[in-house]
Amino acid sequence: MIIDSHAHVVMPPQSLKFMSELVGGRGNPSVDPKIPDEAIHKVATEVVKIMDSVGTDLQFISPRPYLQMHSVKPAKVSEIWARHCNDVIARVVACYPDRFRGVAGLPQFMHESPAERCVAELERCVEQLGFVGCLINPDPTEGSELPPPGLGDPFWHPLYAAMERLQVPGLIHSAGSCTPRESYTLKFINEESIAVISLIDSDTFQKFPNLKIVVAHAGGAIPYQMGRFRSWSVRRGEKVSFDEQLRKLYFDTCNYSQDSIELLLKVAGVKNVLFGTEKPGTGSARDPISGRDYDDMKPVIENIGWLSADDRADIFDCNCRRVYPRAFRNYTDPS
Amino acid sequence: MIIDSHAHVVMPPQSLKFMSELVGGRGNPSVDPKIPDEAIHKVATEVVKIMDSVGTDLQFISPRPYLQMHSVKPAKVSEIWARHCNDVIARVVACYPDRFRGVAGLPQFMHESPAERCVAELERCVEQLGFVGCLINPDPTEGSELPPPGLGDPFWHPLYAAMERLQVPGLIHSAGSCTPRESYTLKFINEESIAVISLIDSDTFQKFPNLKIVVAHAGGAIPYQMGRFRSWSVRRGEKVSFDEQLRKLYFDTCNYSQDSIELLLKVAGVKNVLFGTEKPGTGSARDPISGRDYDDMKPVIENIGWLSADDRADIFDCNCRRVYPRAFRNYTDPS
Amino acid sequence: MIIDSHAHVVMPPQSLKFMSELVGGRGNPSVDPKIPDEAIHKVATEVVKIMDSVGTDLQFISPRPYLQMHSVKPAKVSEIWARHCNDVIARVVACYPDRFRGVAGLPQFMHESPAERCVAELERCVEQLGFVGCLINPDPTEGSELPPPGLGDPFWHPLYAAMERLQVPGLIHSAGSCTPRESYTLKFINEESIAVISLIDSDTFQKFPNLKIVVAHAGGAIPYQMGRFRSWSVRRGEKVSFDEQLRKLYFDTCNYSQDSIELLLKVAGVKNVLFGTEKPGTGSARDPISGRDYDDMKPVIENIGWLSADDRADIFDCNCRRVYPRAFRNYTDPS
Amino acid sequence: MIIDSHAHVVMPPQSLKFMSELVGGRGNPSVDPKIPDEAIHKVATEVVKIMDSVGTDLQFISPRPYLQMHSVKPAKVSEIWARHCNDVIARVVACYPDRFRGVAGLPQFMHESPAERCVAELERCVEQLGFVGCLINPDPTEGSELPPPGLGDPFWHPLYAAMERLQVPGLIHSAGSCTPRESYTLKFINEESIAVISLIDSDTFQKFPNLKIVVAHAGGAIPYQMGRFRSWSVRRGEKVSFDEQLRKLYFDTCNYSQDSIELLLKVAGVKNVLFGTEKPGTGSARDPISGRDYDDMKPVIENIGWLSADDRADIFDCNCRRVYPRAFRNYTDPS
Amino acid sequence: MIIDSHAHVVMPPQSLKFMSELVGGRGNPSVDPKIPDEAIHKVATEVVKIMDSVGTDLQFISPRPYLQMHSVKPAKVSEIWARHCNDVIARVVACYPDRFRGVAGLPQFMHESPAERCVAELERCVEQLGFVGCLINPDPTEGSELPPPGLGDPFWHPLYAAMERLQVPGLIHSAGSCTPRESYTLKFINEESIAVISLIDSDTFQKFPNLKIVVAHAGGAIPYQMGRFRSWSVRRGEKVSFDEQLRKLYFDTCNYSQDSIELLLKVAGVKNVLFGTEKPGTGSARDPISGRDYDDMKPVIENIGWLSADDRADIFDCNCRRVYPRAFRNYTDPS
Amino acid sequence: MIIDSHAHVVMPPQSLKFMSELVGGRGNPSVDPKIPDEAIHKVATEVVKIMDSVGTDLQFISPRPYLQMHSVKPAKVSEIWARHCNDVIARVVACYPDRFRGVAGLPQFMHESPAERCVAELERCVEQLGFVGCLINPDPTEGSELPPPGLGDPFWHPLYAAMERLQVPGLIHSAGSCTPRESYTLKFINEESIAVISLIDSDTFQKFPNLKIVVAHAGGAIPYQMGRFRSWSVRRGEKVSFDEQLRKLYFDTCNYSQDSIELLLKVAGVKNVLFGTEKPGTGSARDPISGRDYDDMKPVIENIGWLSADDRADIFDCNCRRVYPRAFRNYTDPS
């Protein structure tokens, strides 16, 4: 079974209209958005067609990250919008319950503690809407101010405690970017590098032994820059090698380059890599060399000669089941 | 002829999608928005139907004010978006050249001088797109920071100079609001009050004798609070009475209450009031008493018994022709 | 009986000298101000003469709002000064106990919670000095920074709880203004509009059913802009009409224009309007048309033909007795 | 002849009322202050009596420093107020031209360059009002923000150039203080210490060889802390000794302690010390030991046994004539 | 016995290398500094030689103040560095236990409460390392931002409570300076003046009757500017004279000028002055007049003719024993 | 010949002492640092030994990046320190002119334009000290504030113009880091990613066709994340492929992992990669697998089987000669 663990919901036009309203009126929306069932069904069906065209059986969908408005003041904007997006996702999942799982966006806001709003919304999503995971944005200021503490800091513990309690993993994925020199797509990468180092350099996993963290986009720069951190670790006299430390984390394949994914698999280990494509999204453009879209990643994985069949099953399916226990609880595999 | 001098374009869904992209990626849009002709034609036709239903012959359309994003950083967001909105307006006007005129939104940004970006875009709109006026937002910070100087300050002179040169009036109309205690619709009113006093208390009209300024929504609070400013003026020993000072400005009827419009007409004078409804918009809701929408304002004006036929013609038509000379230059009245 | 519910104390010169000291030395006054009895008696007698000249029987006096220094740092300045002003008021009331009632100024400061200093001073004024009400400044930053939350926000609950407990109403009245584009007299108006909408759009009166709020200066812009808020309310599908919501609040006649006061009386209802003049103050200038001072408001009310004798009694006297229960407790009406 | 080179004008009550107005309304005064001649004459006469009682022949009067409002925003406040104060001073001098000389307060503001407003006002005061010197406040933020560059920085050169051109010295004297831990009277001292070191450690007197600077209050801490700066100077290998450097500056005796004034005279030299008392002011309180007011300083100087008659003449009279050349130009000594 | 109560540790080069690391990497040091015993022994021995050369028997050593980095963000820098410096001091003391006592540097940081980090480090230093006092920096922002409240404010009470409990005095001594116009050596002086006034003008010693505070460098400007504060005190009608108030505090002789030290002794009293030299330090430069280093202060004290033998013993020895009770507890005087 | 194009000077202890002085006293150093010749010779000789031990013939040495203090206020700190470091480098080069070349550190400061101080120091270094290149720190705020514009912005043009004129390349290398979540070594990587994208996405190389930029540490994350940017480029419809765009830049091998260097060489091309090790530095720790230090990189390159002898010569030698034309001008290769 091919599980795409990293995809984002396609929003119906009415949602974008509501987003516009929030940007103009901030925490004062004049009307409640009513998204008709047909609009939801339409976007759900379009995505299912895309999935069929590339052989994806099941997709985990979360809010479109760069539209999360975590830095649009006041905090109520993020709160109203996260709730709206999660509700849309729940309805999309309900259209095709065999093809989708919901992953929650959190109402993060600037430097506000995740205890303020995020835990409650995560609980609502998991307990009431049946969601199986959540996104974590390491910099909810979206580059508009100095960032909050790194993911290894106690600042984030209220969220981790809730995630452990609810048995849902978190996908590290930043949101928009207000910094002209750093587009949101590049900020994704940098935030992932920062997240990896901050988590490894902390006692997070001792405090939360059942916490599961997936780092999107093949781990930012870290697998490529291993040497630097290996040496740093030796110089500091750390007892556990940097390579071993890295195995606390999971990564996804959403990187679009076979050479890089091979490097990732070598460094992070096959058991720690989940299939993920973000399709449709940034990678939905035709690669003039392969003739396929960049985010049509199944052939890329299948093309890595040194992977065994078991390895592939791990990447496409089994790793994901281990990381997302709630996703398959009441689920009968149709295949 | 019934001219609605104050209305805002209805944006096609593709524009709102592009707006979302700008909010997430700020000055770094990943794609150029392509709005198909049918989408433009569809929104244009819908508005024409609304106009027909209430007897409006001609509408002056500007960007939807609260969506102008004048405070979304960096400045490039406002610039890209203003250009996009004005282009959409030009295409809507082109669909029904007898029914619409274009009024430009300006790429204002926070405390930036209007000389930076606004003058160039106004020139483009008037000279290349045939627009006949522009919006002026007195607080482009949208309440997110302390505002720039008042409209009577030399800060605004570069814009006034361009308006005089191009022979286009400005409609005072603020944009969004980031202050939780002050919704954008209330900020419209407060900004208009501030604008009126700032302009009256300055040498603007001596410096720019041909400048024409219309204050939206019946002038904020000023006509209602005349007594306070009359007394202040007497205490200061000013030579010209406050009532006379007020006649430097124009106002529109976009207020939705007959009592108030009568007060306005008494204070500002019939010659200084233009018909305007903002339809469709905030007033597009059914008044349970009249049974008509609040922004169906033609019957309201017609219901004011003490207005003569000439007065009505002034309000519905002639005043507007005087204030917007470019609007009727090459225009053959179809009636 | 003619009760002027809205007037401000005239300060003796020694108080202004002390104010200067506070501006220079901030929280470090070098000397305690000693205001001699004669100085107090002199200003009290001057005001009684003014009252007699316009037929006012009783005046409610509070600190001169624009001199309250709510934004002069540090907070101790506001604290020392509010206490000084209230003490002066108490002494003025003591000079003519049949002609004055005390209304407290509060030591508000920037974004500081009213629980910090205001509640204690209000208690002192009511319990020890016999005051009957208080001023509330919705923006103690005086425009020098972004304002605190609106009056409908829980931020203000500690003050409301104290007001209910002490049975004193609050008069919404902003203080000075640091924004060059918005003089303090105009800021009064805008802050009142914001206050009205913030209170109506909240659960304040559910939480504090006995709270009484008077909005100064005829309610800012709201009665004039009713149409806009009526429509907004209908569009939001609110169950209680905006007009009905407005009746939660009281207003005073301190507006200086008969047309506007008539509009106010129609919209807010005769039972919700209190006579108030702010005399002597901004309106103390000769109206060249009427030949009377703008703030000589008794004839204005008497001139409104459609008011009944009962209506006038309500406006001049009875409404005030209902709103300010403490003002008449041990008071034997001399008339 | 006894010349008190350091005294401040006593403001009539109407000026303090106007100051209050400025604090509340900032750059928007509602009325122009009219100070009647009698009010001016009254304060002038009171001061002359004080001068007579302690044997002062001539006083140099400047604005009361701690009331200068150099940090009250916006800049227009400082500008309006400095002009008002200087006008009052000019009128006081005109009452008793043999007993007073005017020293200008400058409209300094926060971090604004002195070129903005100060030079023009200084020119007005010297050329039109006949003033003979000016105050310089090294920290016009009055402790409300980080200060502008030290007095040795080119930031101040526009002012120094004007002072040289107009042949007027500057008296270093800070204004109010917004820092709770540092009262204005203590800030005077600290700012003087900073000023001395900043000037000595710069090329100011090379660039402006005719510039004359008097440091108030016996030079802050510097004469007492000479050892520290002597050693610092030796460690840096400076060619000119610190003691010699100090002689570039003038000091006044406004210190109220004989021991300290003796220390000052030893360190700074008799030729560099001007008689000054600030009377009436901070020192106007009865010293329980001497039985005289602290600021009755003539006996203190006379009591220093080791001073010769010539020394005393220098301190009381001749040094001042050298530093303030304009003060005695058309002046016939009445003694 | 000659006790130099005010001296600072000389850091081995490895410590400065570590400091550099902290400045570059802030709270992220890559390696733990290992200072070899020889390095410690070397610097200790060098200082003992200096002590012998000027006749000092015992030195109290604290961290070099201007290197304390109290304003280098984040707080962890100050914390790591204070701990490092105190550890070095403890090792130096251990080299020559008869010649040194340790005085702790505290991990102060910007506006952070001393309860956060300082109390814990003070306890560690006193209870584990045998330290006998601590430094107190009144402005841990080092002039980079507005300072925290004055030393008389409850902000500092957690530290005072710990000092009382541990029976250790505090030496007022500011650290570095980020303000270009105020070098750290001058800031020392100004901060001391502010500290003296803030403490005197508070209830600190009523709340903490056993608290002992020593003001370095002869008390800043205060003893020299006594007149000003005496008069201020009389004007305020204070019951206890300013001179008497000053006796709550202790001062040291680290001033390098005999005239000034005589002034200090007169004002503060012989019982309140401790011998202190800061040697080696700022004063370690040859005085061309005396031919000795400025900080060779023993002859200076001995040269003051009017001091009795008992006075000298107080200054050199006994006062210090009273103020630092822990310093001599288990100490057998070798003389 | 083995040229290590990326190495940093080892500072003598006296330099670190001076750095400490600058941190405490900021722009007010009390003494000029005098570094004796032996100290310089000692560090130079130590590095030559290290070079010999790994077979490096020639090293390009620049200031230790993380010690550059680009964010330590005021700007004078950076200016004094950069000058000091460059002078030390020049003296080290002079010790062994056949083994070293100087690469300048620039006195960058926060958001200050490079025209302020950098160009002058670069000219001094190249024209007077014979330097051959410079470092460029894309974020001189060192993470303490929001960064200046990206390297593709005209903000940097004054520096690029000087580099072209002087014929020296720039090595992109950030400095320290004030952000607790992002250590300086990780910030190096992220800043390089941002630099690459900002430069590619600009007209820099059209405006400065002879500008040469080397990106340190194998280009941050970009070669690993190529897929994401390739797709982004196709979606934007760009004419030149992202791979081709990348060839405008040079990279060095300072990455410490053979797999990653192979990926870099494939993506960037052999002609665009320069040998660089940063030895001694972060990589100077023993790799437990290879048994060699991580920064002993010559064997790593030699171990890449698919490189031809010419390829290796390019990487070790020829590419560097092309990029650094000044480095070999008057240089006679000793091999």
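Points to keep in mind about this one:
In order of appearance the chains are A, B, C, D, E and F, and numbering begins at 1 in each one.
Rule of thumb we're sticking to: a contact is a pair of C-beta atoms (placed from the backbone, for glycine too) under 8 Å apart; a residue touches a chain by one contact, two chains touch by 3 or more.
All figures in this text were calculated on a predicted structure; none of them were measured in a lab.
Mostly identical positions are employed by subunit A and subunit F in their mutual contact, as over half of the interface residue numbers are shared between these two copies.
By residue number, over half of the contacts seen at A-B repeat in one listed pair from D-E, A-F or E-F, namely E-F. For this pair, subunit C with subunit D, the centres built from the Cα atoms lie 43 Å apart.
Work out the mean CA point of subunit A and of subunit E, and you get 54 Å between them. Listed for subunit C are residues 30, 144, 179-180, 183, 185, 232, 235, 282, each touching two or more other chains. Interface of subunit F with subunit E (complex): residues 13, 16-17, 19-20, 23-28, 30, 64, 66-69, 72-74, 76, 144, 175-180, 183-185, 282. Those residues of subunit C whose C-beta lies close enough to touch subunit B in the complex are 138, 143-147, 149-153, 179-183, 185-186, 189-190, 193-194, 197-198, 217-218, 220-221, 223-232, 234-235, 241, 255-257, 259-260, 263, 266-267, 282-288, 294-295.
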